[in-house]
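Worksheet: the structure to be examined is printed underneath.
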Amino acid sequence: MIAGITLEAVALVRGGRTLFEGLNARVGSGRALTVTGPNGAGKTSLLRAIAGLVRLASGRIAFEGSADPAEARRFHSHLVGHQDGLKSARTANDELLFQARWCGATRQAALAAAERLGLAPHLALDVRRLSAGQKRRLALARLLAAPRALWLLDEALAPLDAGGRALMGEIMAEHVAAGGLIIAAAHDPLPIAADTLDLGR
Amino acid sequence: MIAGITLEAVALVRGGRTLFEGLNARVGSGRALTVTGPNGAGKTSLLRAIAGLVRLASGRIAFEGSADPAEARRFHSHLVGHQDGLKSARTANDELLFQARWCGATRQAALAAAERLGLAPHLALDVRRLSAGQKRRLALARLLAAPRALWLLDEALAPLDAGGRALMGEIMAEHVAAGGLIIAAAHDPLPIAADTLDLGR
Amino acid sequence: MISGFANPHRFMSFSRWAAPTLALIAAALLALGLWLGLSAPPDYQQGETVRIMFVHVPAAWTAMLAYLCLGGASFASLVFRHAVADAAASAAAPLGAAFTAAALITGSLWGKPMWGTWWAWGDSRLVSVLVLFLLFVGYIALRASIEDEGKAARAAEILALVGLINLPVIKFSVDWWNTLHQGESIFRAGGPLIAPVYLIPLMLTGAGYSAAFAALWLTRTRMEVRRRRSLGLALRAAR
Amino acid sequence: MSGLGVLLRRELSLTWGAGGGPLLSVGFLIAATVLFPLSLGSAAQILGAVAAGLVWVLLALASLLSLERLFARDFEDGALDIIALGPLPLEASCAVKCLAAWLTNGAPLALASPLAAVALGEPVGAVPLIVLTAALGSLAFVFVGGIGAALSLVSRGGALLQTLIVLPLLIPPVIFGAAAVFAWTHGLAWTPGLALLAAYALAAIGLGPIAMAGACRNALG
Amino acid sequence: MSGLGVLLRRELSLTWGAGGGPLLSVGFLIAATVLFPLSLGSAAQILGAVAAGLVWVLLALASLLSLERLFARDFEDGALDIIALGPLPLEASCAVKCLAAWLTNGAPLALASPLAAVALGEPVGAVPLIVLTAALGSLAFVFVGGIGAALSLVSRGGALLQTLIVLPLLIPPVIFGAAAVFAWTHGLAWTPGLALLAAYALAAIGLGPIAMAGACRNALG
């Protein structure tokens, strides 16, 4: 479990350029945080740093409620980024089941998630044929299928239609209500109440 | 030049499924049209059909002011889609110049466009290092660099920050004012006045 | 004639009686040819093994015929957009592969007693047939690896036509290469000069094989057409 | 179902669906085998002497062909993020990917290689040894080739660069394997070659994944 | 600057940067040439007889290696849309892509092939002819291989499928080229082989792009 995340004096450097330094923030369980900022501010980099994919230039990221951060990242957090990580040559169903099971979900849970996200009619199609929004819904399905405390969403709602965004609003609200954490990079306001961390320069 | 576009009883079929049929619409020069609809409604397919990439199941698309549609598509229209069509291993500068020149623009025009879209500081970077928004700005640069009557924009503004959207609003307004045509698929309202074509089922 | 098939319904009603008739003809021809062939005296140099010729050579001929049909059907489908053509093409490929395999196997079965080896790179006919087999396999593999029916059809058509253009060139090049450095002339054993006792049954079995192929082709095409109908696919995917 | 099984199944179906699969490997081997004798023309009779060598070169090339995009696809479409954040340590995931690549391409190629070898004139009796060496060899190829595949993620180089990185590392297994077969056909002691080949394959399996994981992390970061 | 020039420059810099570039192709050829004699063991003395053929097969495989992603990259990242909507007819664009691939890989390989040939025991006198045939041959390889690259866009098949589709079509140029060199070294008439090779290359250049464009349209639609 992850009870909270604390960023202490975090600094990120990409390709020799310092994106930001001395960044402090805390997200407790049951809270959502919107990371805003102009293009290139470092939102994606920050989320990937929290996920442990990008190295910090300085500062530290602490996961409360779990001794070892690696374990917190492996088993208690989801990252949905700009890319959907789907194989265009496989069927939506195969990809759904892989992503869900890989995160430890059961087949039933995965199908239920797809059902709720309105993917049921498209599961037989090759991913290549899905529309942008359908692909994103497929990528989001693992959030529902494999319950994990921390959701890192990088502009995850952008390709969704109005209905989809409302639905994700519901889902995110439920997650937070259940004591989950959400850190979302976004250009449009999130569909749920959230604190804001602005990386704007 | 393209003085107007008329869709007459257009029907699209993807993978054996009929997306829509009997679609009629007209866009005159100096007008913008927003194509809306839920995920999977067929917005992308429609734009690609107008660009001549997807075959119509029935109906016809007429380009006023140019005898041969192929020529209208080749020399008088831009398509900016979900994908940016950028090579991650090349520098932003190379890609900018290629896309612009390929559409018949000069080097100066390309650089001016990049300047206006705030890309100037990033042109030396590899595309792979650009942020999502920076990539999209790069893809949009050819609209400015190579003036063409018809702009087909497929959710082109989604990854842009507030500033970027305002800027594109300006740019699109200018284009329309100069007698251009815009057909844009979007989930959020366009930053300019536009008629709406709803593909919702 | 071909345009008659353009209409699926006319094709189905035609093939309903054509297929079985051809099957009967094939059976008759094969029976007669094989009987004559087996009753013919053993060859003075090849002995009993000469009889393999009656199954081998026709197989090889039919294999080539099959590729011609594949190419023709693909052409009709690509250029004239005949509705049934693509189904026919996809039906012809596995048959062709089968006949080619038969030619290869009987051939090398023949080669062992004749040349003391299963395989001889020196003989252009062997090589051309092997290449033909590769063309069939490639076509089938490509088609199998595409899931969108419409796109699969298009891609397969293009490949088949490219292969059709190349096949004669390949055969020519192989022949030419082997004559250039005239080694292995022994391998031409049994070449063109064949005694009538063998020639007549050979012709009969040849005709029989072709008829059999035609019958199978029609049947498989019918099956393919039905499959697509049951899938509710427009026979000619939206173009 | 354990993460390991999940990933393995996915990789298998991926490579199987995409260009892998026995039919293709065999087809490739045959097609490439045809080119040699044809290009040799009248030299064909001496094919037997070079058969073993040819088969090994084909094996190596086929493995490289099928390996080129082992990590690149997942890197470009973001799946590598998901894999890196999954339940398995990245080293294990890399090993699984390689194993799957071997099962779908290496192993079928190994089973098919006698076809080519015999077609090119190897004695039929050598078949079991050929299969064994080919299997071990392709295993080594995969786990060494994977390193190249991972390294070329950050570099701009494509297949050819990768081939360059990897080929030197492929030389030992080729020598050992070919030596074993050669020794057998000439009635010499063939066990040393086989043993060396096995040792090399084991080493590759042990060390390869560590290098791959490092390269992948570097590419993601 | 004309669309043609723009595209050509882009393709050149692309293949140059990514996986192409003379150094790499040449390196591949050399590496493979090294690999081969090693795998022969003591049979190496008869190398001379097979040199010409071997070089040809290496040429063919190297071209295929470098061609695999000729269209795939542009298809996946959407650049193919831009190219298809550009000022050139798609056929011309495909031809330009192939030309670029040849300039960055085929031509360097052709220039390097004498290295391999001589290393494998061809007479030095044959070098000019080897270069000429190799140049023509690689040209044919590229324009035929491009068809496979375009066809496999829609398919789930990867490099192996593509190779399987294309290899049979490479037989004639390999034969003609090897024959010309063979004839030269054996004092026979070598012009027929050369002429046939040139004819095949021309035909490929003429017809290949049409097939490629068709396949690309099919994939995009």
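For reference, chains read A, B, C, D and E in written order, and residue numbers begin at 1 within each chain.
Definition applied: a residue touches a chain if its C-beta (ideal position, glycine included) is under 8 Å from a C-beta of that chain, and two chains touch if they have at least 3 such contacts.
Note that the structure is a prediction, hence the values are computed from the model and not measured.
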item	value
C-D or A-D - the one linked by more C-beta pairs in contact	A-D
Copies chain B and chain A - interface residue numbers shared by over half, same or different	same
Chain of greatest Cα-centre distance to chain A	C
Remotest chain, chain B as reference, centres from CA atoms	C
Whole-Å gap separating chain A and chain E, where each centre is the average of the chain's CA atoms	45
Where chain B and chain E are represented by their mean Cα positions, the distance between them in whole Å	37
Between chain B and chain A, distance of the C-alpha-averaged centres to the nearest whole Å	29
Contacts with 2+ other chains: residues of chain A	82, 88-89, 129
For chain D, residues that touch 2 or more chains besides their own	17-19, 24, 27, 31, 34, 38, 41-42, 76, 156
Two or more partner chains touched - positions in chain C	131, 134, 137-138, 141, 145, 147-148, 174, 177, 180-181
List of chain D residues in touch with chain A within their complex	1, 3, 6-7, 9-10, 13-14, 17-18, 73-74, 77-87, 220-221
Contacting residues of chain E [partner chain C, same complex]	147, 151-152, 154-157, 161, 164-165, 167-169, 171-172, 175-176, 179, 182-183, 186, 188, 193, 196, 200, 207, 211, 214-215, 218-219, 221
For the chain D and chain E complex, residues of the former touching the latter	15, 17-20, 24-25, 27-28, 31-32, 34-36, 38-43, 46, 49-50, 52-53, 56-57, 60-62, 64-66, 68-69, 76, 105, 156-164, 167-168, 170-171, 174-175, 177-179, 182
Chain E-facing residues of chain B, complex	48, 51-55, 73-75, 77, 79, 81-90, 94, 98-99, 101-104
Complex contact set, residues of chain C against chain A	147-148
